[in-house]
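Heads up, the next two complexes both have subunit A, just with different partners, subunit B and then subunit C.
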Partner chain A sequence: MASQWNVYESFQALLQAGPYHLALEGVLVMCVLWLFTAKKKPSKMVRLTKKEEEDLLADWTPEPLVPQPPPLDHPNLHTRTVYGKAGQYVDLGTGQKLLNLATQSFLNMGERPEVEEAAVTCLHGYGVGSCGPRGFYGTTDVHLNLEERLAAFFNCEAAVLYSYGFSTSASAVPAYAKNGDIIYADECINFALQRGLQASRSRIVYFKHNDPDDLHRLLKEQAIADAKDQKRANATRKFLVVEGVYFNTGEVCALPELVVLRRQYKLRLFLDESVSFGTLGPHCRGITDHFNIPMTEVDLLMCSLELGAGGNGGFCVGTSFVVEHQRLSGLGYCFSASLPPMLAAASIKVVDILEEEGAGLVQQLQDTSTQMHRALTTLHTKVNITGAELSPIKHIRLNESSGDRQSDEAVLRQVVQKAEEYGVAVTVASYLSDREANAPQPSIRITVHKNLTDAQIDTARDALTHAFTDVLG
Partner chain B sequence: MLSGGHGEVNPNSSWHSSRGAWLSYLAGVLALHLFLLSIPVLSIPSAWTLTNVIHNLANYLFLHQIKGTPWQLMDQGKARLMTAWEQIDYGQQFTTTRKFITIIPIVLFLLTSFYTKYEFNHFAINFLTLLLVLIPKLPQFHMVRLFGINKY
Partner chain C sequence: MYLVTLLDGRNQNMVAHTEVSPQVSPEKILTAGECSKTRGSESVRSKGPDVLCEQNEIVNHKKSNHVAVAGSGTVPHPKKKSYKEEDCSLFVAFFTFLSYGVLLLVGYIKEFFVPVTTKEKNREEIELCSPFTNFTIYLSYGVLFFVGYVKEFFYPPSTKEKNREGYVPLYIGFESFYTRNVYRRIQDCWNRAICSVPGAEIDLMERYTPDYGWTIKHTGKTIRCINVGSYNYLGFAENKGPCHDAAEEVTREVGITTSSPRWELGTMEIHRKLESLVAEFLGVEDAITFGMGFATNVLNLPSLLGPGCLVLSDEFNHASLILGLRLSGATVKVFQHNNPEDLEKKLREAIVYGHSRTRRPWKKAVIVVEGIYSMEGSICDLPNLIRIKNKYKAYLYVDEAHSIGALGSHGGGVTDYYGVDPKEVDMHMGTFTKSFGAAGGYIAGSKDLINHLRVTSHAQVYAASMSPPVAQQIITSMVIIMGKDGSTEGRRRIQQLSRNVKYFRQRLRQMGFIVYGHDDSPVVPMILYLIPKISMFVRELTKRGVAGVGVGFPATKITGGRMRFCLSAAHTKEMLDKILKEVDEVGYLTASHYSREPKSQEPIEW
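After this line comes the complex of A and B, so read on.
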């Protein structure tokens, strides 16, 4: 039972308290007083007086809007224009029909009348734009249908649709990987993924291109470091970011080995299928289909619809638990106007086509790619061709670089120009070489289309051979 | 939950500053104390010591132990390794909120000392828990994890 409180006794106790206690309380009271008088530490923002502001403004000389105007012969000032559809043949304004080996519509989906018809029908019903981001009046049933179809196509629980291919992987990676995490990435991943890695603020570790052994070595090193600091390791997530078929090299990813490492080292595998979607595997599902690896072995699959699918936008598929996270965290999803419904309708049609005749399309494309690869191997003694035989993207690179990027690119541009004269449209792969993590060597990027005939492949080979001979001697 | 907006990246930096939060804090301590006083078997000094200890432990847990935020931020995990105390006012020191939150445990300790009649056992317990919440609040200990305690 609590006793009655006696104020007098309490004050007696205060007077009888030892000096140590009173001293301590004195210190604490001083602390409180000090806190009351302490000045707020100025924030990092510097406040200037009116006069200082005016002085600074007077001193300021604005920089020119364009810091160093590029030379007038800069290639970006002379881009080529395609007149009409970029189909099997393109018109670059000369009136001459050039064989198109430059755009990435591997399956010629852009030329299919039913795809166009689906887009036009939708256009009449929905208009052009959706007038808002997905979470803000921009969602139509067409978007939801496409998401549902894509999820079903990949045997996954959910899909999320982006309105721009580039922002798909650039948004998806930083939605999961954060400050303090580690991302293992192939050194040749495409630029969109690199931007995603950069935006994630994670530690990025590049391993040698398509070399699981090098990745294994790095993972072992990390395992040793982890064993020393288990707490840190437990708080660190590890990601593995690779492409199915590398856009910058045309190599096919060594996925079976990576999947083993993923299990062994508990990595979160993010796979960019932009090139491989519709070009690999008996069901056109890309690299997982090609190696017959179940989707459960991949944590997130990112894909652009702008290459093989011949449309616009991009998507991610995976478990709904993983994918739905992007609806609030994928910046490209939250803050971009949604994909115009007509483009989504076109993509639904593309999924229809892939489901119906996918196996045949892939086989035809792979045969053509292999044939093209073999035709291009003996182009010229001073160049080589990289990429897997069945990859629809191939890069022709100079055997001996002059050591200077710009002069190499200038040589390749001359070749491109010559090839145009011989009736073939190709393009030099363009890179922001100062922003790339490992800028690939300059190259002419050849894309293979499913419908290429033997004669057209011969034309391409002859044109490029002549062009290279003209320029390189 | 997605949070922030209106130029505010992290709501954890500002909600402590609202007068409502201050009032709720004081009301919570008072309610705890009244509750403990109402338990018949507890003497008044024990009730005060218990109030102080529970307050300090809760203060330590919520301000200096738990890291990150209960909501999702668009800061790419910047606040993931920061305690709530470190997030207040985006780390600026000697702000009014920080002063308020620092003064409360000190005043509570002084009151407890008085009501426990400066008994040594009570004093030892109360003072140790006071140190537990005062030391991590010092500006010198901003983002410092002593002996690696609670680092990750």
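After this line comes the complex of A and C, so read on.
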């Protein structure tokens, strides 16, 4: 019989049902309708009358767009201007050429005419801009070539190119780490990485600077928590984010210990090699090369091309399983115009140079860095120098801080000014101290260039000694 | 069940049914029946239509203070008047609400399937797709997913990670499923490589796939195509001419990089020159520039906004704006695309009721919109936005990534286009990638604003400053647009683009395609709806020598698959005619002439 039932008959059956049944059914239907239509309003919401609303609107005075415009004599409104090219020497318009210890081109790539020539040759073919993101005809064979070369340089399967150094690590991390994941990060990672961590919305756990033991402690704690909630642990990815050479301290990362922890606790190791690329390892490949750790230990290697490589943009390398994901999920990759081809062409030339003379370049830079480090240790009794000897980045910090960041910075700025008078261009490391997760102590950042001669190192030491003595007494 | 039938408004049918089925007892028909029985006037059987009549009367009586209304055609019964208040009020009230309910429900259902469009105000006619097309869109995804699931059931995906046994999977399941089963099949339509300047014509590198899209290889051959994919609005993507020469000179003079942020030693003369020129071009006090357009939004919005600030953001804002706002920590409310009424409503409500958690008033309110929306082709309704912003003391942030250079008789973007004083917009943002054929972005506005950014912007402190040849390309192209080089070349380009846009859009519409966006917008989205049509369109057009861009989910709504043409001043009329001819042919191949509006067949002048 069941197959004979149609709308009409079921309606008839409904009519035969008792009134209580119908009433109940009616109430149920109303409830369903109410559930669908009722809007969830906070119970304390009070609707205001039109008049009251108008009064409130008239009453509301927003703060100005810029509540506290910086004073016109703010030091960062009057940055120094570079005239001409910033090479071994730099012209800051003071009438004399200053020894450059400030720009981060460790390998002096800007002074290699072949790099410029490669850029200009590409300019003749492709113009300046790429006029589109990588997905929409912004990819040229130059980009593909550079990616291929970088992947081969690192012995990796794939590379992905970004058009801005900052956006490289800031986009790469949130492409993988999502809400609910855990990221273990060194407390001194650079600001771009911090932005990446923030954008990922994961739980961020900072461990003590370059201290694998502290990381191990944190991981053990987490392992205990995981054992209690296995289900959640099975859905939580864990990342470890470190730098090869820390931009903010100049220390070399203790990678071998971290690799052991990665294996033991199943972390995904994301390594920022912005400083170490081209400055460490017999093949210039950075920290993995330096410690002779195979690339398979690292999940993703992120690197800016704006420092040692003397170019623009940045890249990530790794297995194609990991890296290719960024082509759809790396926001800074998908939604940004691609790197101007001429700048990519210059970077290809840099890779050529690194492949050909890599070992020599690194050795020379490390020797110079060590020499500079030793020259600077006896600078002044009231300052100390941090960073590994072979790191091209060194920070000079005051032994005794006045307790106030701004006055420390003012003191250091005076030193910088004095140093200029003695013929050396250095810079106070710039930080947005209120935005940094762990703002580093104010410092003067010294960048060692590969081509520094012994005489120039002596000049630098003398100039800085005089400058510090003049200011600190 | 009972009520639902009632809601359908088929009271008459019900009565008819009761008449042909005598076994049903009259008492069980309706509460309405019982109610009228108490009135004791008529039998239940002929109740249906009359119930409504009487109810009308009663309602009318109520409203007109017992004055009889002749509308229903029956003379009101004096008895009814006397005790309707005691006896029928509950029922009547219920029925009144019910009838409204029915009306509203029918309305909701109708508008769910055929939404009312309010877009005409901004001269954007959006033709909506028919329910059938809608159905086919979901069907096509359904088929793709179904095939994918079946396939992966028998052949689980082989793209497993090496050396990471026992790890939590790196990717979320559905995302990679979508990539493998939908995107993979059509991925040859994107990420295509070119080996020439992205001008009016490009050399596309031919590719093939030996394994159904898993890998893509280059054949080594190139295809010459007309380029309607690049954002080369004013045609400054050139490998000869003044811009190229100047860029070359600067490269030789100062190199390609500064390797230092602006705060340290990354400020060159050329950067200062660029910033004052941008400020002059836009007609504002000052400007600040950055090396990447995307980063301009992402790294500066956090300096301008913070927790306690209210942001009204257009629903189709670019990913960089969304990310920047998220990083800023401000409260973001999204309003309907280009809909000033919705914006005003939401802004008003938010200001009146304050922060929804802390109940404190907002520090400030900022409206964030784009000049031209890159996927919709629409132009923001600037005059209304300014009216609203002034009325509610909000601030306005306009992202002119696509509109700067491409709109307005002087190329000055939306303010120029609408003839609005640039100072009415508090924060101008734009990029140099598009109209200027370079890279990077700017923010411009009052002196205070820019000074504030100079000391707080992340990009000033941590990112290397703009590459000098790129800066030079912007300077030279901007000088040409402004006519400061003494020629009329800039003017010519702007006019050429404007005529190209009008001609191309009108012709496409005339052919019967659905074209989104504003009539003057150089971004021309043409609706195709279905994913397979997008890929076929892109592939067929490439064969015929036209390089266009297809866009589908997730870049658009699921029902918004489209082709997008970006016009350029470098296109000639002959090129446009060729593109139109090919698009028309492929349109017939794929049955994509979706527009049902009547078209005039008058020839369109260039």
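Assume the second predicted complex is superposed on the first by the 409 of 473 C-alpha atoms of A that agree within 3 Å, B and C clash if a C-alpha of one lies under 4 Å from a C-alpha of the other, contacts with A are read in each partner's own complex, and residues count from 1 in each chain.
Please note the rule applied: contacts are C-beta pairs under 8 Å (C-beta built on N, C-alpha and C of every residue); 3 or more make two chains touch, one makes a residue touch a chain.
These figures come from a predicted structure and were not determined experimentally.
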Subunit B versus subunit C as contact partner of A:R232, first or second or both or neither: first
Partner chain(s) touched by A:L328 [first = subunit B, second = subunit C, both, neither]: both
Which of subunit B and subunit C A:H143 touches, first, second, both or neither: second
Which of subunit B and subunit C A:F36 touches, first, second, both or neither: first
Which superposed partner A:R134 touches (first subunit B, second subunit C, both, neither): second
Touched partner set for A:E25, first subunit B, second subunit C, both or neither: both
Touching partner for A:N179 - first (subunit B), second (subunit C), both, neither: first
Partner chain(s) touched by A:K50 [first = subunit B, second = subunit C, both, neither]: neither
Larger contact residue set on subunit A - subunit B or subunit C: C
A:A199 touches, of subunit B and subunit C: first, second, both or neither? both
Subunit B and subunit C footprints on subunit A, overlapping residues: 10, 14, 16, 25, 29, 178, 199, 234-235, 328-329, 331
Touching residues on subunit B, where the partner in the complex is subunit A: 2, 37, 40-44, 47, 72, 74, 76-78, 80-81, 90, 92-96, 99, 102-103, 106-107, 109-110, 113-115, 117-118, 123, 127, 139, 148, 151-152
Contact footprint of subunit C on subunit A as seen in their complex: 8, 10-12, 14-16, 19, 22, 25-26, 29-30, 45, 48, 53, 56-57, 60-66, 69-70, 72, 74, 76-77, 79-87, 90, 92, 100, 102-105, 110, 115-116, 119-120, 123-132, 134-141, 143-144, 163-167, 170, 176, 178, 190-192, 195, 198-199, 234-238, 266, 268, 296, 299, 306-307, 310-312, 319, 321-322, 325, 327-329, 331-332, 334-337, 339-340, 342-343, 346, 425, 427-428, 430-432, 435
Subunit B contact footprint on subunit A (complex, rising order): 1-3, 5, 9-10, 13-14, 16-18, 21, 24-25, 28-29, 31-32, 35-36, 38-41, 43, 174, 178-181, 199-201, 231-232, 234-235, 328-329, 331
